[in-house]
Amino acid sequence: MRDVGTLLEALPYIREFHGRTVVIKYGGAAMEDPALCEEFARDVVLLKYVGLNPIVVHGGGPEITAYMERLGLPVRFVSGLRVSDQDTVEVAKMVLVGKVNKDIVLRLSRHGQPAVGLCGDDGSLFRAARRAAPDGEDIGFVGRIEHVNVDVLEHVASDYIPVIASVGADAEGRSYNVNADEAAGSVAAAMGAYKLLFLTDVPGWLRDPGDPASLIAQAGVEEVESAMTQIDGGMAPKLQACVDALQAGVGAAHILDGRVAHSLLLELFTDAGIGTKIEASA
Amino acid sequence: MRDVGTLLEALPYIREFHGRTVVIKYGGAAMEDPALCEEFARDVVLLKYVGLNPIVVHGGGPEITAYMERLGLPVRFVSGLRVSDQDTVEVAKMVLVGKVNKDIVLRLSRHGQPAVGLCGDDGSLFRAARRAAPDGEDIGFVGRIEHVNVDVLEHVASDYIPVIASVGADAEGRSYNVNADEAAGSVAAAMGAYKLLFLTDVPGWLRDPGDPASLIAQAGVEEVESAMTQIDGGMAPKLQACVDALQAGVGAAHILDGRVAHSLLLELFTDAGIGTKIEASA
Amino acid sequence: MRDVGTLLEALPYIREFHGRTVVIKYGGAAMEDPALCEEFARDVVLLKYVGLNPIVVHGGGPEITAYMERLGLPVRFVSGLRVSDQDTVEVAKMVLVGKVNKDIVLRLSRHGQPAVGLCGDDGSLFRAARRAAPDGEDIGFVGRIEHVNVDVLEHVASDYIPVIASVGADAEGRSYNVNADEAAGSVAAAMGAYKLLFLTDVPGWLRDPGDPASLIAQAGVEEVESAMTQIDGGMAPKLQACVDALQAGVGAAHILDGRVAHSLLLELFTDAGIGTKIEASA
Amino acid sequence: MRDVGTLLEALPYIREFHGRTVVIKYGGAAMEDPALCEEFARDVVLLKYVGLNPIVVHGGGPEITAYMERLGLPVRFVSGLRVSDQDTVEVAKMVLVGKVNKDIVLRLSRHGQPAVGLCGDDGSLFRAARRAAPDGEDIGFVGRIEHVNVDVLEHVASDYIPVIASVGADAEGRSYNVNADEAAGSVAAAMGAYKLLFLTDVPGWLRDPGDPASLIAQAGVEEVESAMTQIDGGMAPKLQACVDALQAGVGAAHILDGRVAHSLLLELFTDAGIGTKIEASA
Amino acid sequence: MRDVGTLLEALPYIREFHGRTVVIKYGGAAMEDPALCEEFARDVVLLKYVGLNPIVVHGGGPEITAYMERLGLPVRFVSGLRVSDQDTVEVAKMVLVGKVNKDIVLRLSRHGQPAVGLCGDDGSLFRAARRAAPDGEDIGFVGRIEHVNVDVLEHVASDYIPVIASVGADAEGRSYNVNADEAAGSVAAAMGAYKLLFLTDVPGWLRDPGDPASLIAQAGVEEVESAMTQIDGGMAPKLQACVDALQAGVGAAHILDGRVAHSLLLELFTDAGIGTKIEASA
Amino acid sequence: MRDVGTLLEALPYIREFHGRTVVIKYGGAAMEDPALCEEFARDVVLLKYVGLNPIVVHGGGPEITAYMERLGLPVRFVSGLRVSDQDTVEVAKMVLVGKVNKDIVLRLSRHGQPAVGLCGDDGSLFRAARRAAPDGEDIGFVGRIEHVNVDVLEHVASDYIPVIASVGADAEGRSYNVNADEAAGSVAAAMGAYKLLFLTDVPGWLRDPGDPASLIAQAGVEEVESAMTQIDGGMAPKLQACVDALQAGVGAAHILDGRVAHSLLLELFTDAGIGTKIEASA
C-alpha cells in the first residue's frame, strides 16, 4: 500500500463508531465461500482493533441440511421454518455449535483477536420458548427467544469477540432451533446496539426480488412494517428482525450483500451507501 | 432433612477447599446414566456454592462412536487412541462441543449456577499439536496439548462454571481429537489446581484390574511412574495425567468410582477415603 | 460421614440464601451452655463459608447481673428494662464489650472465619438516645437506637463476621444500655437483611406461654401487632423488633429455640419449619 | 487565631509525614487527666486530617487495679508485670476493651474522625503466648505477642483510626495480659511504621531518673541496648520496645512527656526536639 | 514553632473543608510581589495537604501589557475589556500560558505538591464564544465561556493542583481573551465548588471605593445584584462572577485582600472574617 | 472511498502496534505548512483511534526567532544551540508553551481526540540541568534533561494525547531551553516506547547531505555511533537521540520526511519503508 489516504477517509467513521456495539448476522455466501470467509474474519478483527465492539450471530442451514441427509433424516420446511423433531434439533445444534461456530472462532483468532463461541445455553444467554405453529401445523422444536441475558455477553465481549450460534433452550432444558435473523435482532435489541447488519446473498431489500435495480436504499420502520405482508422468502424474517431491533432502540439496521467482499467495511467506513439502510424514521 | 449434623461434618473440608480450584474429569457411567448425570450436576453446583472453583473437563467417546456409526464412518482404535481422519475429527468435535458439552452446561445452569462451555478453540484455550504415532502407525488428527492459555479460563471462571470439551487446534487452525484425561491434567497443571479428580467406571486404581479388592488407596508419584509400563487400558492415560499434573504442582489427584452417586462429594467432604489418592510423595 | 445426601438437601436453601445478609440475635442458653456455644460458632462459620453474610448481635444480661452483684451494686428492673445509673452502664458495657463479645469473636475465629467485635461506639455504629421512662419512672441510661450507621458494618462484613454488642452512645458521648433484641431489629432494618433470627429459650411464640403445644408456627405482621398488648415478658421486645424490621423491609423474622442444637441450620437449611416464622403478610 | 503563620511552619513536617503510619502508645497522665484526654483526641484527629495514618495502642493499669480492688481481688506485681490468674485477666480485659478503649474511640469520633476499637482477638490481630516467668515465679496469664496479623489493621485503618487494647489470646483461645508498650512496638514493627511514639509521665529517657535535667535528647539503638541492664521501672519495657521496633525497620522512636499538652504535635510538627529520640544509628 | 495550639484552632475548619473543592482567582499584588507569590504557593500547597482540592485560576493583565508595549502593539481597553485583535490574543495567550501559568506551576511544585497548568484548549476545558461588544464597539477576540468541560479538570485534580490560564477557543479553533474573574466563576460553578475566593488589591467590597472603612463584611446575592449597576471598575466582574457561581450552587464566595499575607488561610482556617463574604442568601 | 482494501492492508500493522507507545518528534515543514499541519493532526488522531498511544514532542525554533526579532533581541547560535540569556528563555518558553503547543492541542482536539499540552514544569515532567558549554563558550540557559517523571505523562496519556513542549526547569526553578530532539529521545526512553519517529525536512539520514539518493534506509546503533563525528547540522542531535533511546530499550527509531503528506502513516501502516530506520542491531 502506498496510499494511506484511504485510511484517513475512514477516520470520521471510526470516530463515530468508537466504543459502539455492532451486531452482525453472518450467513449466506460470506459463510460458505472460503475466500469470503477469510475476508469476513479480517473485517471483523479490524472492527475490534479500531475500537468497535462487534458481536457475530450465525445460523448454518446448508450445513445442517447436509448432515441431515448424510444421516438419512427427512428435511422439511414449513413457511421457511425447518420442521424439527428432537433428532433434528440435536443434529442442528451439533452442526451449528460444534462445527460452524468453531470455524468462525478459529478464523477470527488466527487474524489476531481471540473470539469465544457461545450458544443460547452458555451463561443462560437465551431463554427460548416453542414457537406458535404457522398454519396450525406442528413444526416441532422451533423456538423464539423470550429473553436475552446480556450478563455473559458483556462479560465475554469485554475481552473477546463473541460468536453466537442461534440455538437455545427453554426453562426445562429442551433445546430449540432458533432463526438466526431473529436471534441477531434480539441480541442487538438487548445490547442496545448502535447498528444491526445482515450479510445476505442479495443486493439488499429489492422492491422486485427479481430485479436488482429495484433496490430500496433507505427506508423507515413504518415503510417496512406496512410492506411486511407482501414480503416473503428469507427477506421477511430479516426485515422483521430489523423492525423489532429498531423499535427496541437500535440505531440503524442494514441489509448488505455478503457476496461483495468487505461489504461490512464499505458500509461502516465509507459513504458508499451500499445495500438497504433502515432507520427508526425514514 | 432433620439432621443438619452432616452439614457440619463437612465444615473442615469446606474450610480447606475454600477458594481452591478443582479440575474434574467427567466421563463414564456418571455421564451416561441419567440419574447419575443429575447428581453430578447438583454436586458440582454445590461445590461452586460453598466457595470452590470447579472446572469440568469431558470427553464423550461412546456418543462419538454412535454418530460415526449412524454416518457409516469406520471406527478404529490404535493403542486406545481413535484413528481420526478429518471427517472423524469433524464428527467428534460436533458431538463433544455441540451436544455433550451443552448437555452438561444446561444441567448445571438448571441447578442454579450458570455454566459456560468452552473448547480448545475458544479464547485460544488450547494449542494442540499432532501426536507422534504409536508404533509408527498413522492415526491422523490425534493431538496433544502444547499450551493451555488460562486467560479465557480465568475470565470465565470468575463468574461461571467452565465446562471444557477436549478438542483443540494447532497454530494453522487444524482441529485434533485430544484425550480428555490428558486435557484435564493439562488444565489442572496450568491452573495450579488444588485437586484433580477423575470420575471413572472402576473403584480406583486396582493392582489387579479384575479384582476390586486390589484397590490401591494411596500412592506416590514415583510408585505410579514405576508401575506405568505394566498398566494398560483406560487407566494408563489417567495415571499419566495424574503424574504430569502432580509434577507441575497440583496438590493431589484422585481416581474415583463415578458409578457411586456423589463420589465427588464423598471424596471432598468426608474422610471416607474412597478410590485412589495420588500425591507428589506417597 | 458416609451420607453426603444431606449436603445436597441443603442445596436449594444455600442457593436461596447466597449473598444474603442474616442478622442473628444471640442469647439465652445458646450463649451460656458451653456445648451449645461451640455448636453456635460452627453454625455461623458454616453460614459464612456457604456464602451468607451473617451478623451476630448479642446482649448478656446474666453476666452483667453477676458482675453487678460481685461489685455490690443494686440490680433492679422496671418493665423488663434494667435500671441503669452511670455505674451500671459502665459495668454492663465492660461485660458486654470486653467479655461476652470477645468470647464470641474468639470462638468464631477458632472455627475458621475471623470475626471482628463492634459496639455502637465503633465507627459511630449506633447513635442512641435516652428512652422515655415507662410509667414515668426514671430508669436512667437506658437507650433506644436513633440511627444505625451501616458504613462500618459493611466495611467489616466484607471480610469478617461482625459481632455486635448492644451498647451505644448519644451525640454527647453518654453511653446507654440498649436492649439487644431491639438492636438486632435495628441492624436488620438498616442492612436490609434477608432474615432476622432470634435464638431464645422457648420453642417459639406460644399462644399460651405455659404450653409448648401452643406454638404459633407462622404469623403475619398484623397478627403480631394486634396481639402485642397481651404479650409480656421477654417475648414482647422480640416480637416488637420483628414487627419493626419487617416493616422496614426485612424478608422474614424467626423466633427459634436456641436450646436445640443447630436450630439455626435447621431453620435455614431444612424445611423442618421449627419455631415461629413472621412475615410481612401472613 | 489571627496568626496562621504557625500553620505554615508545620508544612515541611506535614509534607514529610504525608501517608505515613505513626503508632502512638497512649497512657499515663494523658489518659487520665480529662483535659489532656480531650487534647490528645484533637491531636490524633488532626494527624488523620492532615494525611497521616495514626494507630493508637493503649493499656490501662490504674483502671484495672481500681476494679480489682472494688471486686476484692488481690493486686500483685512481679518485676513490673501484673500477676494474672484467670479472674484477673477477665477483669483486665473487660476494663481495657469495654471501658478504656471505647472512651478513646468515642472521643476521637466526637472530634470528627470515626475510630474503631480492636483488641488482639478481633480479626485475630494478635497471637499471644505465655511469657516466661521472671525469676521462675509463676505470674499466670501474662503474654507476649508472637504474631501480629496486619490484615484487620490495614482493613480498618483505610477508613478509620484504629484504637488497640493490649490483650490477646493464644491459639487455644486463652486470653493474656500483654504489656501495652510491647504491643505498641510489635504493631509498629508489623506495620513498618514511620514513627513509634510513647506518651509517658516523664520528660523522656533520663540518665538519672531523679533529675529531669539529665534528659537524653537523642540516642542510637546500640546505646540503648548497652544501657538496658541498668534501666528499671516503667522505662525498661518502653526502651526495649523501641529497640525491637527500630531493629524491625521502624524509622524512629520517641519517648515524650504526655503531661505536656500537645507533646505529640510539638514532636511531629515543630523542630522543638522535645523528649528522647531513638534512631537505628545515633 | 513552640505553639502548636494554632494548628488545633484550624481543626474545625480542616474538618469542614475536607474533600471540598475551592476555586481561587489569583491576581493582583499577590501575583506580582515576589514574597507574596511565595506565600501564596505555600498556602495553596498546605490546602492540598490538609485534604482540600484547590484549583487556581489566573489572568495576568500587567504582564500582557508589558509585552504588548515591548512589541510596539497598541494597548486599549473599552469598559475594562482589552481590545483584542488577533495579534493581541496571540501575545496574551503566550504570556498567560507560557509565562504566568508556568511560574505558578513551578512554585507550587517546589513547595511539595506537583501542579499541572491548563488553559481552555487542554482537554477542551473551555468552549468560548465571542462576547457581545459593549456600546456597539468592536473589541475583537474577547470571549465569554459557553461551556466548561470538567473531565480534564477532574482527571488532573485527582493527583495534581490544576492551574488554569483564562484563555479559550471557540468550536472553530479561534482563540479569545477571557476575563479571569469570569473564568474562575465558571469553573467554580461547573465543579460545584464549596467556595470561590478572589484575591484582590482591595480590602473587599467597599460601599465607598475610596473608603476602606466602608467594607461590606457580608452580603447576600440579592443585595449584590441590586447594587450591580452602581459598581464599576474591576469589582464589577468579580461580583458578577460571585453572583453567577452562587446561583449555580457554589457554597460561598469571598473577596479577599491579596496584599495581606496568607489572607487565604486567614479566611479559610480562622474565624477572623476578613474581606467580604457573599452567600446565596445573606 | 470505494476501496476499503487499503484499510485491511493496515491490519497487520494495527495488530502489531496495538497498545504501543510511539513518541513523535514534530517539527519542520510538517509544523509550518498549514495543509501539512492538518494532515499531521488527522494522522495522530487516527493512531489514537486504532489503539496506539501517541505522544507528540515539539520545538519551535523559527517562531521563537521571529518573536525574538520583533522584540529586538539578539539571535545567536553556537554549535546549533541557541545562546539563551534569561530574556531569551522567557520568550522561547512563551512561544513554545503558549502558542505552538496550544495550536497543536487545538488541532488534535478538533479532529476528535482531546489533547493536553504539557511542558517540563507540569507535574515536574522534566528536571533539567545546565548543559556544558560547547568549546568553553557560555551559551546561557541551555539545558539537558536529567530526569523524566513519567507519572504525569502516564496519567494524561490514559485519556488524552499528550503534547509536550521542550522546556524544563532545574531543581531551583530556573528554566532552560531544551533541544526538542533530545527531549523526544528522553521521553521515548523513559516511557519504554515501541517507536521513536522524527519528522524532518529531509528524506532521512543521507550519506551525502546534498544527495537525496544517498539515503541510508536502515542502520544499526553501532553504525550510527561510529559515524557520529562526521555528522553535523540538525541531523546530529536527532541521530544522538535515536542512539540514546535505542540503548535505553526503545524498539526502533525512524527519521522521516515530514514534507511528504502522511509519512507517519506510511511508515507505520505500510511496508513502504520510507526514510531511515535505526535499530538496536542493524
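Chains here go by letter, A, B, C, D, E and F, matching the order in which they are written, and residues are numbered from 1 within each.
As a working rule, a contact is a pair of C-beta atoms (placed from the backbone, for glycine too) under 8 Å apart; a residue touches a chain by one contact, two chains touch by 3 or more.
Everything numeric here is computed off the predicted structure, so don't read it as measured data.
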Neighbouring chains common to chain B and chain E, by label: none
Repeated interface matching B-C, over half of the contact pairs identical, chosen among E-F, A-F or C-D: A-F
Chain centre separation (chain D, chain E; CA means) in Å: 46
Chain A-chain D separation of Cα centroids, rounded to whole Å: 69
Length of the line joining the C-alpha centres of chain B and chain F, rounded to whole Å: 57
Shared-contact residues (touching 2 or more other chains) in chain C: none
Chain-level touch network, classified as line, ring, star, complete or other: ring
Going from chain B towards chain C, every chain in order around the ring: B, C, D, E, F, A
Chain D - residues contacting chain C, complex: 70-71, 90, 93-99, 101-102, 105-107, 109-110, 114-119, 121-124, 151-152, 155-156, 159-160, 169, 173, 175
Touch list for chain A against partner chain F, complex: 1-11, 14-15, 18, 39, 42-43, 45-46, 49-51, 111-112, 262, 265-266, 269-272
